[in-house]
Every structure is written in C-alpha cells, then in structure tokens.
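Each of the next two complexes has chain A plus one other chain: chain B in the first, chain C in the second.
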Partner chain A sequence: MSKWILEGVSKIFDKTIAVNNISLELEENKIYGLIGRNGAGKTTLLKLLANQLEPTRGVIRKGKEALKDNDSLSQEVCLARETINMLGIRNLSVKKIFQIASDVYPYWDNEYCQDLIKLFSLDIGQKHIKLSRGMQTMVGIIIGLASRAPLTLFDEPYVGLDPVARELFYESLLTDYEKNKRTIIISSHLMSELENLFERIIIIDQGSILLNEEMEAVHEKAKVISGDKAYVEKILKDKKVIYRQEIGRLANYTVFDSFTEEELREFKDLNINYSSINLQKLFINLAKGGNFNGEE
Partner chain B sequence: MELKNDSTTPIYIQIAELIEDQILEGIIKEEEQVYSTNELSSLLHVNPATARKGLNLLVEEGILYKKRGMGMFVSFGATRMIKAKRINSFFRDYILEMLQEGEKLGIGKDEIIKMIKEYKGER
Partner chain C sequence: MERNKNLARVLFQFEKTSLIIIALIFLGNVLVNLLVSILVESLTFSFFITQFVSNLLLFTFIYIMSTGINQMINVIPFLVSLNVPRSRLAKSITVNGLKRVSFVTVFFFLIKIILNKAAYYSMPIILGMDLSTGSLIEDLLLALIVFLVLSLAYSFIIFLGLVGGKYGWEYLLGIIFIALGTVFFLIRSLILLFAFGWRSSVWLLLLIVLFAGLSILNYRLIRNYEYKY
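And now, the complex of A and B:
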C-alpha cells in the first residue's frame, strides 16, 4: 500500500480558483476531517480525488501511480454525496443504484449494504429523484460505507439527516472502520458532533490549506487567553496569535501554539486565564482572524 | 458518559478518567471485563485510536490488564490504585483552587478551615 499524494494541485473554473496549489500527503487508514466555509473548495477537492474532475495544474497520485486516466485506481476511491449528478441515474430506483455501485466498487460488501438499508429503514423501491433530502444523503452514506473503498470520501454526510440517523451513521462508520481500516475524509462544518471522530484535520479556506494537524495536537494547542492587554501581549510575544479580540483593557486572544507547564503557571500568577477551545471555535476564529500563515 | 471538547484535559485522558469513575462507582468491578476499543469508540463517538490510547493508559498504570484474545479486564486492587492516585492530586485539583479563589475574595486559610468545620451537611 502507498500513500495518496497531491502535488501543487489547482482547479480553476473560468476565472474562479476553487483549489489553489494544494500539496498534501494523506496518511493511510486515518479518518480526516476536511473543514472549510461554504465555497472554500471542499467539494472540488473531493471531486478531484475521486477523479470526477481533472486538476487544471498539478498531479494526484497514489504512490508512483497517477490518477489521471487510471480507471482501476479511480475505483479505489468512493465519493459519497447527497446528490447524484447523472440524470439517468437519478431516475433509477435506489435498489438499481446499489446494484450499479456493487459493480463499480471492487471491495463492495452486499451483505453489509443490506444491513445498512435495514438500519436506516430505507425504501429501496423508490426512485432516487423522489426521495427526501435526508434519504438521498442516506443512499450516499450507504454507498460510501458498503463500497469499503480504500479511500472513502464523505461530502457533508449529514445534509437533511435527523439527529438519530446522524448518530447511526457515526456509529456504523466507527464500528466498520475498526474492522475494515481505510482512509476516510469527511468534509464538514458541523464540527461539535464530529470532531472526536477525526484523527487528523485539514482546514481549507479560499482553496488553500490553512491547517493540517493531528486532532490531539489541535486540542492541545488551541486556546483562548484572556487578561490585561499589556500582560497578554507580552506573554504571547513569540506565540502564534490567530485572532485578537479586545474589550477595553481586556484582551481575549485565540492562540494556536504549545505552552510549557511553567508558562501556564506564570499565567495564573499574573491573573491571566486560559482555556481550551473546541474545533468549531478554532475554525471560526481562524476564519475571522484571517492571519494564519499555514503550516509551520 | 460525556466528553468535554473545550476542556484542557486531552480526550484520551478524559476517557481513562470516565472508566476510572465507573470502577470507583462499582459499575465495572475488579476482575470484570471492560469496554473494548470498538464499544468505547461507538459509545462516545471518538476515533478508535483515541479510545485505544485511553485504555492503554490504564493498562500502563496497572489499572487494567490484557487477557490474550479476550480483551481488557479490571485489575485486582484497581479501586485502591485509583483512590491513591486521586488522593495525590486532590490537593492540587481542589485545595489549591479553593485557596486561590479565597485569596481573590479575601477569605484567609483560617476562615476556610472554620467554614469546613462548621459545615453541618450530610457529607
């Protein structure tokens, strides 16, 4: 097995740069969170990986094998989305769609597919086009899970789903992933529910990667530090401050950096408060601050 | 069982503490089997790697032990071990915090001791 690698990948539509010179190595058998605002380039990036779009510039490869014009490599990638683009397919029954998927994906597990249909109480006699949004999302989720594709991509796999169905999805995903390890990317802005599922996260904005980090490190480094502005500025002189909020003399800064035990003790002595923040808050402040200079 | 994503305590340590709590409360008894990585991962919606790290931390501390091919079990004496560990951190986690808050409010040590002695509650 070898890693998926993106080298200087860009995708330009007319004059819009959807993906801007992304270089990335995907570590095998990890669950990635792909986080970004609407229009940040999440879906485009996933479609490029699934070979549904071709990069304007750059190369996508697995090990030494390029993805371009490579059908057998394309079949190792499954992109699960709520929408199915091909009109011909949208008019088919769900049952027929699963049948087609079972032919396309070499690692497809039909028994597992049937289990999931029961679990989600999906009516497979219906035409896809007639299903509710949530049901269409479920079809995508089931294809994504049952494909057992070595690289499985879920594009916002919660659109229209009620909380019960979302939990069923998370639990199915985790249970099956533990048994059948594969590389999984979940694009999302619904982070509070999902963040502990991720082993690594990639935050993208305007087509570029802002952050690519282990979730555990994110949890450790992302902090809000507040106190008298003069002290806070002094203490954070050499730290990466990503968002500055000030109210009178109070500074309330979001940082992304490591701190020693000693530094944290010093904060207490100076009456400076620090607390960890969740991924959602980090992402929002990162987007608002806009001065994060990528990977170190 | 709930995890706090905005706590300064890493998730895997929170998981270890949740299991410790359940051992202390007698929900899981000594020599009984504890959750598998898979069960914990699905129960708490955490990545299996994180769940495994939490379990392994307890194995390293001797609170859990592995039975080949069967999973993880609570060690004999685990309750005593957890209590000993927590008594050690009781001063730092509770007393020190209390003294600091007291200082902010101008309540001295003697006054705090008096408050504790005068408390007539159940506990």
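And now, the complex of A and C:
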C-alpha cells in the first residue's frame, strides 16, 4: 500500500504564501480532519493534492509516482466542493451534472449515487443555479461519495446543510467507509460534530502544519491544567505548553503532552486542576496565538 | 476508447444549447431573407442565395467562436475540477474543435458544389480565384482555407482564454494588441491577398504553422491548467 507524500510543498500566489513548505505523509484508508482558520491554506492544500493547482516548490507523490503530469494518478483523487463557480455549468440540471461526473470518474458507483439522491431527497431535475445553498452542497457531497475515488477530499462539506442533512452525511460516509475503505480528508470548522469521524487530525495555520496526530493521541495528550502559577510552572517545565492564560496568581495552561502517575498525584496534592480539552478548544487556543513550541 | 467517447459526449452536452440557439437565429434570418426576396419584386433569387451564403458564413463562424469561448470559460475549468486526465482533456478540446470545423467545411464544400450547378448564380472572385469556374481543385483549396481559418480562430480564442487565466488579463490584452497591430501592419498584403490571391501559398503555409503552433501551446496550457476558483 502506497502513502500519499508531500515533500517540501509550497504554493505562492503573487506575494501570498498560501502553503508554506509542507511535508506530510497520508496513510491509506484513514479519515483525516484538516482544521484551520479562514485563509489558513486548507483549500489550497486540498487543491494541490487534487492536482488542480501546481506546487510552486516541492513534490506530491503516491509511493514513488509523482502526481505532476500523471493522469492515471490524478483520477484517483476527487475533490468535492460545496459549490460550482462557472455560470455555464450552474445552468445545467443536477441530473446532467451527475451524468457528467459518472462519465469522468473511473470508480463511479451509479447505484450508490441513486441511493444518496433518494436519501437526501434531492430534486435532480432542477438546475444547479436554482438549488438552495444546502442542496448545492449535497450535490458536491454525493459526487464525493459516489466517485469512490481512493483519495476523496471534502472541502467544508457542511456549508448550508441543516443538522439532519449533516447527520445523514456523517452516517453515509461512515457506512460506506466501513464497506469500501479509502483515504478521506475533510476540511472543517465544525470540530465538535466531526471530531468523532476523524482518525487523524491535521491542524494548519498560515500555510504551515501545526499538528499532525492520531485522534487518540490528541484525546490523551491535549489537557488543560489550571492552578497556582508558581506550582504549575514547576511541573510543566519540560512539557509542551501550547497556550497560557494568566489571571493574577492563577493560570490556565493548554498542554499537549503525557503525564506520569507521579505527576498526576502531584497535581492532586497541590490542588491543581487537570482535565481533558476537546479538539475545538485546543484549536481555539492554538489560534489565539499558541503554538507547539510553547512560545506566544 | 470508451472513456474518450464519454468525454466527447460530455463536451457535446455543453454546446448543445448554444448550437440550438444559433441554429434558430440562422433559420429565422434565412426565413426573413426568403420572404423579402419573394415579396420585393426588384430582388432576385440570386439575392437570397447571396444572403444565405453570407449568413451561413457568419453564423458558422459565430458557432465555432462560441464553442471555443464556452470551452474556455466553462468546460475546461469544470472538467479540471472533476480531475479529468489533462492529456485526454487537451486532446479532446483540440479534436472537438477540429471535428466541428471539419463538419462546417464539408457543409460549405457541398453548398459550393450545389451552387456550381446553379448556372444562374454568379460567384465572386476572391483570393484571385474565380469561384464561378466550378474547378474542383479551386473548390478543394477554398475548403482548405475555410478549414484553416476556422481552426485558427477556434485555437486562438482558446489560447487567449488560457493565457488570460494563467498569466493575467494584462497578458491577454497584450496579445490582442499585438495581433491587431500585426494585422494593421500587414493590411496592404491582406488586401492584395483577398483581391488577387497575392502570395496565397505563403499565407497558406503561415496558417498551417500558426494553427499547429497554437494547438501545441493550447495542449501544454491545458495540461498545466490551474483551477483557481
């Protein structure tokens, strides 16, 4: 099984560095969450993986095969978006758009596509331009799921979807993933809902990767420690502190590290609070100016 | 082969609507001209034939250009977003244009043959050729020229769009100005060419070279196309 590998990939638009020297290995048959603020570089990274943008520097490959100028490898990737930007395409009916997708994706499952259309109650006779925002997102989701591309990328696949539709999407994704394994990357802001889907998380900020970790490790290591600043800082001396918030003598620390039983006992003895932090909170604290080097 | 047929079918989906619209406008025009030539006594049937041929030339040119523009604005970006293999897409865009132009050229050739038989209809002299002679060699040469001019127009419009998208619209305007400037500079030669067929073989060779060059450039530009939407 070959991994998708990014080596020193950068993408520069005029003077803007959208993706900055990213090196990454994507294991096959895993669901990745790609988290980042607006403008962090998520969509650019997904487009680079989909070979829809050319890296300014660096190489993207699967195993030993480079993605550049490799038509057969490009066909293994599907980037599902929430909307279509070309007016001439938006004037086509949804049925026609699915027909075109079925003609171009080599692994397309038409039966599954029909099941999804029924599940989402999508009116395929309608022109794409006449659909609501949520329905347009559904078209993108159905294309992504039915493409059965070995590397399927979803770029914010929840825009405009109501909670019921989002739940239907998560269920469909997981059910199909169990039967037909593939590598899936979902870029998102909705961490609270999607956290349980992700097997591995990538946090990106200003074009660089801040975190690339298994979800289990994130749950294990991402903690909030709060208490007397003097005591806590002594214990956290050699630990990875991501974010620090001080209120007088007291302080809250977001930490990404493991603790021994002894250290946990010390917390208890010194009345220091030690609790888990969810992905959303971890991301927010990182976004507030924290980082994995412990600097602010 | 199956995937190529699928792509050809996909490309036709995008131009169906504009083809129908242009065909309807053309037929409307022809109908109006026919009625005018019937109702106005001073106008002969020859007038209707002249109008028909002029409209045919104009609307087929519009059809070829609109196909090129549609492919540039809608088809190429959309199919790149669906990860259609670039080499297949690039070949299909070129072949699609050649097919359309070939069809139009054959159609014109047949019209010319039919008009040759209509003795009452007199034809003009263009490119130094008297089209009334009905010479097969001259008709074939004319068909080749029509084919090359339409193919070049199609390739050029796609080239403009691809360059504008990749390098920015300043480059596109620059190319348009250079093209217009070149035409202006060569206006005397062009007039002599159209009237007397002056150095027509040189111009023919130039058309072939330009068409081949643009096709190669378009192929490379589509292969490296970036979906920036």
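Here is the rule we go by: the second predicted complex is superposed on the first by the 286 of 296 C-alpha atoms of A that agree within 3 Å, B and C clash if a C-alpha of one lies under 4 Å from a C-alpha of the other, contacts with A are read in each partner's own complex, and residues count from 1 in each chain.
By definition in this document, contacts are C-beta pairs under 8 Å (C-beta built on N, C-alpha and C of every residue); 3 or more make two chains touch, one makes a residue touch a chain.
Computed from a predicted structure; not experimentally measured.
The superposition on chain A brings chain B alongside chain C with room for both.
In the superposition on chain A, contact of A:D69 is made with chain C only, not with chain B.
When both complexes are overlaid on chain A, the residue A:H219 reaches chain B alone and has no touch with chain C.
In the superposed pair of complexes, A:T175 makes contact with chain B only, with no contact to chain C. Taking the Cα centre of chain A as vertex, the centres of chain B and chain C in the superposed model span 150°, given to the nearest 10. In the superposition on chain A, A:V139 contacts neither chain B nor chain C. Shared-chain residue A:V77: touches chain C; no touch with chain B. Within the superposed three-chain model, A:Y105 lies in touch with chain C and out of touch with chain B [touch as defined at top]. Closest CA pair between chain B and chain C after superposition: 27 Å apart.
Annotation: chain A has no residue touching chain B in one complex and chain C in the other. Those residues of chain A whose C-beta lies close enough to touch chain B in the complex are 30-31, 167, 170-171, 174-175, 177-179, 192-193, 195-199, 215-216, 219-220, 223, 268, 274-279, 281.
Interface residues of chain C, counted against chain A in their complex, comprise 3, 6-7, 9-10, 13-14, 70, 73-75, 77-88, 223-224, 226-229. Taken together, the chain B residues at the contact with chain A in this complex read 3, 5-8, 10-12, 37-38, 41-42, 44-50, 100.
Listing the residues of chain A that touch chain C in their complex gives 47, 50-54, 69, 71-72, 74-75, 77-79, 81, 84-89, 92, 96, 99-101, 103-106, 143, 149.
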